[in-house]
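Chain lettering (A, B and C) follows the sequence in which the chains are written, and residue indices restart at 1 in each chain.
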Amino acid sequence: MLLFRPAAYAAALCTFAFMHGPACAQQKEFEGTKIVVNGFGGNLDDVLVDSVSKVLKDRYGITVEIVPGSVASAYAKLMTSRSNPAFDVLITDDITLRSATKAGLIDEVSVADVPNMAQLYPNFMPLGGYGLPFFASVTALTYNKEHVKTPPQALSDLANPELKGRVGIFNLESVGGVVSLISLAEANGGSIRNLDPGFAKLKEIAPNLATATSSPVELYNLLQRGEIWASSFWSGRVNALIDQGVPLGIVVPKEGLRGNLDFVSLVKSTKARGAALKFMDQITSAQTSLAIARSVYFGPTNKTVTLPPDIEKRVLPYGAEMIAAMPPVDWDEVAGKRGSWIERWNREMR
Amino acid sequence: MLWQNNKRSILTWGLFQAIAYFVLALPSLVIIGASFNPGSVLTFPPHGLTLAWYVRAVQTPAFTDSFLLSVELASIATVLSLLAGTPAAYALERYRLPGLQSVQTLLLSPIVIPAIVLGIGLLMFCNLIGIGQGLAALLLGHFVLTLPYVVRTLISNFSLFDVVLEEAAQSLRASRLVIWYRVILPNILPGLLSAAIFSFVTSFGNVALSIFLVSGSTATLPVQMFASVEHSSDPTLAAVASFVIFITGIIVLGIDRLAGLQRLV
Amino acid sequence: MGRFATRIAWSRNIYLLGLLTPAVAAVMLILSIPVAWLVRISLFPQDQSYDLSGWSAVHYMKALTDDLYLESLARTTIYSLIVTLGTAILGFPLGYAAARGKMRRWKIFFIVLPLTLSLIVNIFGWIMILGQNGLLNSVLLSLHLLDHPKQFLFGVGTVLVVLGHTYLPFQILSVMSVVRQIDPMLEEASASLRGNRWVTFWRVIIPLARPGIVAGCTIVFILTISAFIIPQLIGGASVQMYAVLVFQQMMTVLNWPFGSALSLILLVVALGFAALLRAAAGRSGGLRSVVAK
């Protein structure tokens, strides 16, 4: 977006590049360009900085600025600054991607623009070039091995009286909560259009609930401290906790492994289109996919990634068969109906 | 003090205060304790003692830059609010005109508008007038956020400040400016300080509004902390918070040394 | 003000205008667009944020007739009143003691301390204190007052306590700054006139400090009724304060029209309370109410 005192910049880059080999007498392709992306904060941002920002800086001279904040606030920012967008690349989740597309905030890209697009799993791209997935995460059952005598095998097992007051789950403000509800409904004779069985199961679990929250960090903290002993939580986070020594077990629930994706999209009327496309290409590359899987145990979306044996079993979802077997989620339906589902939840849980 | 005329009431009074202040400080104490924990879990009491998280916090430019920005922002917003709010509070308290009640409601309203709404609305405003996000937008937002506290606090202070003193000065042919400088301001100093404290901490700690107004290079500390918490809850956060507490202590003690806090408040 | 008023009425009005203009102009300018936007959005008939057109009051109808939202509004108002009352009762003696007593420097530090703690950090602190593996349980267990850990987190009581704790400093500071201005001679005069402690308390101190109490209560009520981060994270599943519902609509469901309608209703309730409080307390609080008698 802004040009950044090119001369001084070029000098600094040349020194850096000189130390790493190739001659740098020529200018980098996008020398001095800056792009802005919305970020997550924390470890995931660190991975993006290492695998994407640094590479773009070295190779093309692009500066990437990651702005912390929620996906919803990023959406709101774009809605109010269309002619002079606050971001060049937008990172979204399943639901916001659809809202952003409908609102005309993002542009479609093709394989010609982003070569790595050809390497992505096709059934991870429901909106085609409007949003390219760069990681997948699933909610799995987790339980504390020290305290729970009968490990839950299904989401509905969270209603087990042994777990009274020790269960923490996502509420419907989180996509994690939404997919759990859908799974519960479908496993008990319902569907995404008939959620009654799902809500009925939730009511059974309700007496065991310590909390139902939208904050992943709160569940993380509660699991870490042993305040809650069972949850349906992002498998990547559970793996991180296991690495820290928390005695957790992961179970693929009987209701199936559903998940969600995070996408990267090109913002319409961005002034740094070329640089933005390079960002999208790098973030969907096998290299970044692998780095994300290593660091936060989220599933790679790039078909060509082979995970090393030490983490292969721990990363979910992984592998063509597992991914093909994941029950689909009609996110359009979710986007349209979630408001009323949240209201129903509020009514039933109060 | 008025009714401290026997040992027992002095003791109960003292005990009551001690407990109250202890409870007020409790979350802070717990957080400070947790910041020394060697493991990456937020826990209290800590299992050991280490300064590693403080080192990490200070080495994270995101935290140090945003800390400085927050201080700068809060200071400017406070000064602006005091400058605009003191005369306004005076006018609202001293004059008895019918329209003034609505004016007061107007000046109080920013606190009530949910921060999300104010944030999105201000963002639109800033884009409309061409300043976009960043320091200017944050300044506008924080100014309008802190003003109600200043006004409300000072109204109550002015109501206690007897108009007789001003009238006396007026009858002695003092100009309005002199009355302000010599009569009014010295007498409402406790109120000014109180208002300044309100204003500063409100601005410094604000998250909900600031999220919308920050740009890449100008994030405030609470926004950084809020964002970092989404994906990592290790004690670095506790270290940052403890650091802020430490700085607050220094400032409070510093003001005391410089201006004799006891006298002012 | 008598004779002075008539003589300098004209220049007084200019003066008045000058005093008020900066603040009023700033607020009106900066708030006008957000509030106007809020009002306009609340009058769209749609349920989303990306394609809005037309006019309709349907969201207000829903907000004011649907029992989920009405109940939440009623509960939130009651909770806010409880917190306001609680902080007023606790805040007054503490503020008084802080204004008059010793160790003022330390007291101010402890009062300002909770305010410096970012909300998120504050909440983590409370989880460490109130959780089943937390401080309170450890203490109670070791004193044998409990035989197994009790869940103190998550629930209405906890939310009210944490909200009260978070906003108590505002009350204390309000009262403190006002009491500091009360001449101690007044209290001593009352005491020397053989008025017992209670008479002095009710007839002298409270009326004098009333403006401070009113200011503190106004601020605390408004802050509590618009609180959404604390109730969301400490409330558990069943506490649904109004501002949380607003947040859900605005940021999660992205139903901006409905969310805006809810916001405006909240705005009206909060400002209404502020006005009520000011009217009930009477503008003649402060020095006049005591001296004029």
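Here are some notes:
As a working rule, a contact is a pair of C-beta atoms (placed from the backbone, for glycine too) under 8 Å apart; a residue touches a chain by one contact, two chains touch by 3 or more.
Since we're looking at a predicted model, the values are computed, not measured.
The most distant chain from subunit C is A, comparing centres defined as mean Cα coordinates. Per-pair tallies of C-beta contacts place B-C first.
Note on chain placement: the centre of subunit A and the centre of subunit B lie 36 Å apart, centres being C-alpha means. Chain centres here are Cα averages; for subunit B and subunit C they lie 15 Å apart. In subunit B, 42-43, 120, 124, 226, 229, 233 are the positions where the chain touches two or more neighbouring chains simultaneously. Each of residues 70, 73, 76, 215, 221, 225 in subunit A touches at least two other chains. For subunit C, the set of residues touching two or more other chains reads 124, 128, 134, 251.
Looking at the complex, you find that subunit C touches subunit A at residues 47-51, 68, 71, 124, 127-128, 131-134, 151, 153-154, 232-233, 236-238, 240, 245, 248-249, 251-255, 258. The touching residues of subunit A, when paired with subunit C in their complex, are 70, 72-73, 75-76, 79, 96, 99, 102-104, 165, 171, 173, 206, 209-215, 218, 221-222, 225-227, 338-339, 342-343, 346-347, 349-350.
Of all residues in subunit A, those touching subunit B in their complex are 36, 39-45, 65-70, 73, 76-77, 80-81, 84, 86, 215-217, 220-221, 224-225, 244, 296.
Interface residues of subunit B facing subunit A in the complex, by the touch rule stated above, are 39-43, 119-120, 123-124, 127, 132-133, 211-212, 214-217, 219, 223-224, 226-233. Subunit C makes touch with subunit B in their complex at residues 1, 4, 15-16, 18-20, 22-24, 26-28, 30-31, 33-35, 37-38, 90, 93-94, 97, 99-101, 104-105, 107-122, 124-126, 128-129, 134-135, 165, 168-170, 173-174, 176-178, 180-182, 187-188, 191, 197, 200, 208, 211-212, 214-215, 218-219, 222-223, 225-226, 228-229, 243, 246-247, 250-251, 259-260, 263, 266-267, 270-271, 274-275, 278, 283, 285-287.
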